[in-house]
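Next come the structures, one after another.
Below are two complexes that have subunit A in common, paired first with subunit B and then with subunit C.
Let's turn to the complex of A and B:
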């Protein structure tokens, strides 16, 4: 429990640090860039929104830094991240809110799938080391070494086209209205096949190799020999003794990968024009949409921290030694 | 080593037939073998790089007996145990011999020729092992109870979960560990406790044979004796046979019925414990006896053995011990001396030209 409390404390501290940095950065840029944009649009933005942007970006120079900081924290607590310039007058939170489900749905699901498939295959590859299975390893190494961008473009060229069933871009057909009906979900799934496949192909090899190597390492441990000597079934030794121990390092890696789901997906979303957070960020950067950029960064930070926290919890559940003091 | 050498070694062994079943003079189970290792050879690696770590070893364990196996580090004791039980990690390969197990009723079976299914059923229920690295022998991520009960569940699937837990608690009590340790994880136990848990685990299915590979080496002397005494008591209660491996000869003299000495992958001497202690025939046994302080009996001078154990990749011609032997003479440089019953005392066997067979 002490371990848990310490980790939780660490994450809260990190979150606070990230938020504080987010507060200071715009204030350190000379001649605030948002200023001019607001000035251009002064007539269109209502006064409440301007106040909120003032607080976020420190345009309100009359207040002391400390009171600026307090109003900033208060605003964040209400979930107010300002207004997106590009999507004017939509608030940043609602832009993010409509992009997040796509990112989480596609990248989140495929990250989890790739981890599960790769780890499972890795367990077998490690257990059957020294057999014909080893011959397949160069293939996975090759697949995981292809640059993603290239893999995405190749798959678009090969599998999409006027007469292809697979769409080359977007999250759904332009005419459709997003909703929870079969027609739309089916359409969205069809759009996700190609990006999902490319993500899985490019990341499954890494998990596989990591798990295989850990299995090989663990297989040499004394307790594995003991398990064999006990006459336990091969399957039981593989799962309860070898894989159970070999999994531990992968769990930390998985936490890391989950954290990057929100932030590390520009390439996928760019190649497939997929309407997720990554694409929003790319658009925001090219359009100098500072409130949106800030919002994305904050979201990414929170996602990374949350995922690592989850990984910590999983690790704690899987490894009794961490539950110990120290 | 060439195959020719192996052949000649095997031939000489079968000619001389140092059959220990008749040579055992211990009160228990004389001439009543439970495990017979015949001509076992183990290599590490294959092809020209292979080294022979166990060379044509004959060894018989009688019912109810504690057979001590001693020798310097690297003499092949663990390799012999692993090879005989088919637990050799690669690149180890058994290159010849057989390992006969004599069940209480029925015909002997050869471990080395069992199918995987037969082997699984045989393991732990008939023969269990306490491994040298008892410190790392427990799975770090599951509880002591889980590791004690899974082997019972595997071999006796009809037992109920409650029965298995009760048995696990009973086993811990047997080695003097409180039952509330059932829910502990290995890292929460002291080294001595882990070792005792492993001993308890080895007894879970009441096997007929227990092989113990230096089960007490990592412990202090007091704990060592305590565990050994516990073990001797358990053996009397449960009536299993033990092969006890160690390099600590004084421990063996105290606790075993018969002792076999290993050097360079071969058995060089085999005798009842007391006789070996009082009157060792092989110069190497003599050296070993003078390498450890005896806890009981008259003090002896500690001299140790000069030189270092042989390099398996470059074994001396003839007797492997000859370069370090204070009594080496002409014949020692010829061919390795066979293990024979010496004329002076046919109740034991020795591989030394100083003690030719009758």
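Let's turn to the complex of A and C:
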């Protein structure tokens, strides 16, 4: 349990760091732009919303930095992230609430699929070292060197068009109302095929290479030789002895890599105008919607931390050493 | 000390040659460019021809010149951010690995925090805050956020080196900490430093291009992301102007591949088991196949009759 407690402590610390970064970034902006945005909307924003923006962006200069920080933390604890300027007068939380399911669905499925496909291929490539399979490595390296968003652009050109079944942008057809009915889900799935394929193709290579290298390293361990000498079938040694041990670094790297995957996914959302958090972030930046920018960063960090925590639980299940007391 | 130079493998050679080409273009790209990359002309949206190798844009700019001129910015940000991040990674990784106790733990926790926080959104936000961010500013931001992976790897290796006999012996001899770190530990970290440097350069190049593509970085100098930004903004895809975005993307992928290939070579120096084992399947004189396996000696008994079999 000591491992568990240490990891939990680490996540709390990281969350605090992210919140603090989020507190300081808007205060570094020269000539506070939020002020002017509020001034433009002065008549329309109600006084409660103005107060919450004051706290988020430190517009009240009479307060000390420390007391600004405390009221900021207090406001976050109430889940108040201010109101979005672009989607006026919607609060940031409701903008995020409608965008988050899209991104979570897209990243969640593609990351898990890419991890599974890459790891399986990596087990195979590492075990069959010295055969034709080695020829796959340069190909996957090339594929993973292509930026996510460029692959997205290419797939839009190649696979979409007036007469194509695959849509080139958006998360669903404009005429539909989001809901849990078959028509809408089918339509949403059809819209997600290209973005998902793009992410999977560009991220599979990394998992493949990591797993292949660990398989090669593990194959030379004594316990593998013993397993062979016992006369176990090649397949059994590969899956139950080599792969199981080679998997550990990949699982602990899973959460770590997620930060990078998030960045790539945001660009894919941008290319496909997919209605997720990434598109909201990039639109918010071009529209100087600072409350929304802050909200996106905080939400994404919390989501990545939660995913890391799940990866840690998986690691605990796979590696008995972490469960040992002491 | 004596170094043995061995001709690197084919993969590494290909990587080095590609990198050399891009480095050459970074220095001489502007001189070689046939046109001014920003100059308009009457050749609007031309497909590739002898006059315009990569075609032209919606206002008649030569895309080949844009790519050539843009190489410098890409390479500069990549390498400057890579050097900055590697210096930070070495300082933090080696210190936290060599220091024992809570100080080392604390420094390593800081680097783990930086790994977990999603880098691209953070970089996008910070770059957006800096007014008129040029290549220098972008490289600084990427360098200051991209060091954590390298620091983590270096810390792990330093922790293991610290326990080795030669370091213990140096300490017993009363050598100063600076000398132990500089002379005994750092040379043994060379390969990991090099590989994390190359990894960071890749990360920096990808990030810079992404920033330019979404239009966050200031439009000051041409780079490959800038070309893609205009291609996207002018609906190059919808009007079928494939030449507008294909060359930039291929250049990015080639640069990335060349760095990855060099990293393969370094990985194989660090971990010799990763070297390609050559042909592990051999065919015996009577046509049967035997696969070489670590720790086993295949015994090839000649078959008694022509039909084969044991």
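Descriptive notes on the structure:
Keep in mind that, in the parts below, the second predicted complex is superposed on the first by the 304 of 326 C-alpha atoms of A that agree within 3 Å, B and C clash if a C-alpha of one lies under 4 Å from a C-alpha of the other, contacts with A are read in each partner's own complex, and residues count from 1 in each chain.
By definition in this document, a contact is a pair of C-beta atoms (placed from the backbone, for glycine too) under 8 Å apart; a residue touches a chain by one contact, two chains touch by 3 or more.
Just so it is clear, the model here is predicted, and its values are computed rather than measured.
In the superposition on chain A, contact is made by A:244 with subunit B only, not with subunit C.
Comparing subunit B with subunit C, the partner in contact with more residues of subunit A is C. When both complexes are overlaid on chain A, the residue A:134 reaches subunit C alone and has no touch with subunit B. Of the two partner chains placed by the overlay, only subunit B lies in contact with A:223; subunit C stays clear of it. Of the two partner chains placed around the shared chain by superposition, subunit B is the only one that A:318 touches, whereas subunit C remains out of contact. Within the superposed three-chain model, A:2 lies out of touch with both subunit B and subunit C [touch as defined at top]. Once chain A of one complex is fitted onto chain A of the other, the partner contacts of A:231 are limited to subunit B, with no touch recorded for subunit C. Where the contact sets of subunit A with subunit B and with subunit C meet, they give residues 130, 220, 225, 228.
Residues of subunit A that touch subunit C in their complex: 10, 13-14, 17-18, 21, 25, 28-30, 129-131, 134, 137-138, 141-142, 144-147, 149-150, 153-154, 156-157, 213, 216-217, 219-220, 224-225, 228, 255-256, 258-260, 262-264, 266-267, 270-271, 281-282, 285-286, 293, 296-297, 300-301, 304-305, 308.
Those residues of subunit C that touch subunit A in the shared complex are 11, 109, 112-113, 115-122, 124-126, 128-129, 131, 202, 206-207, 209-210, 213-216, 228, 231-232, 237, 240, 242, 245-246, 248-249, 252-257, 259-261, 264, 267, 271, 273-274, 276-281, 292-296. Contacts from subunit A toward subunit B in the complex involve residues 130, 220-223, 225-233, 236, 240-241, 244-245, 248, 318-321, 324. Across the interface of their complex, subunit A is touched by residues 85, 87, 89-90, 119-125, 128-129, 131, 133, 135-142, 150-151, 154-155, 185, 187-188, 198, 201 of subunit B.
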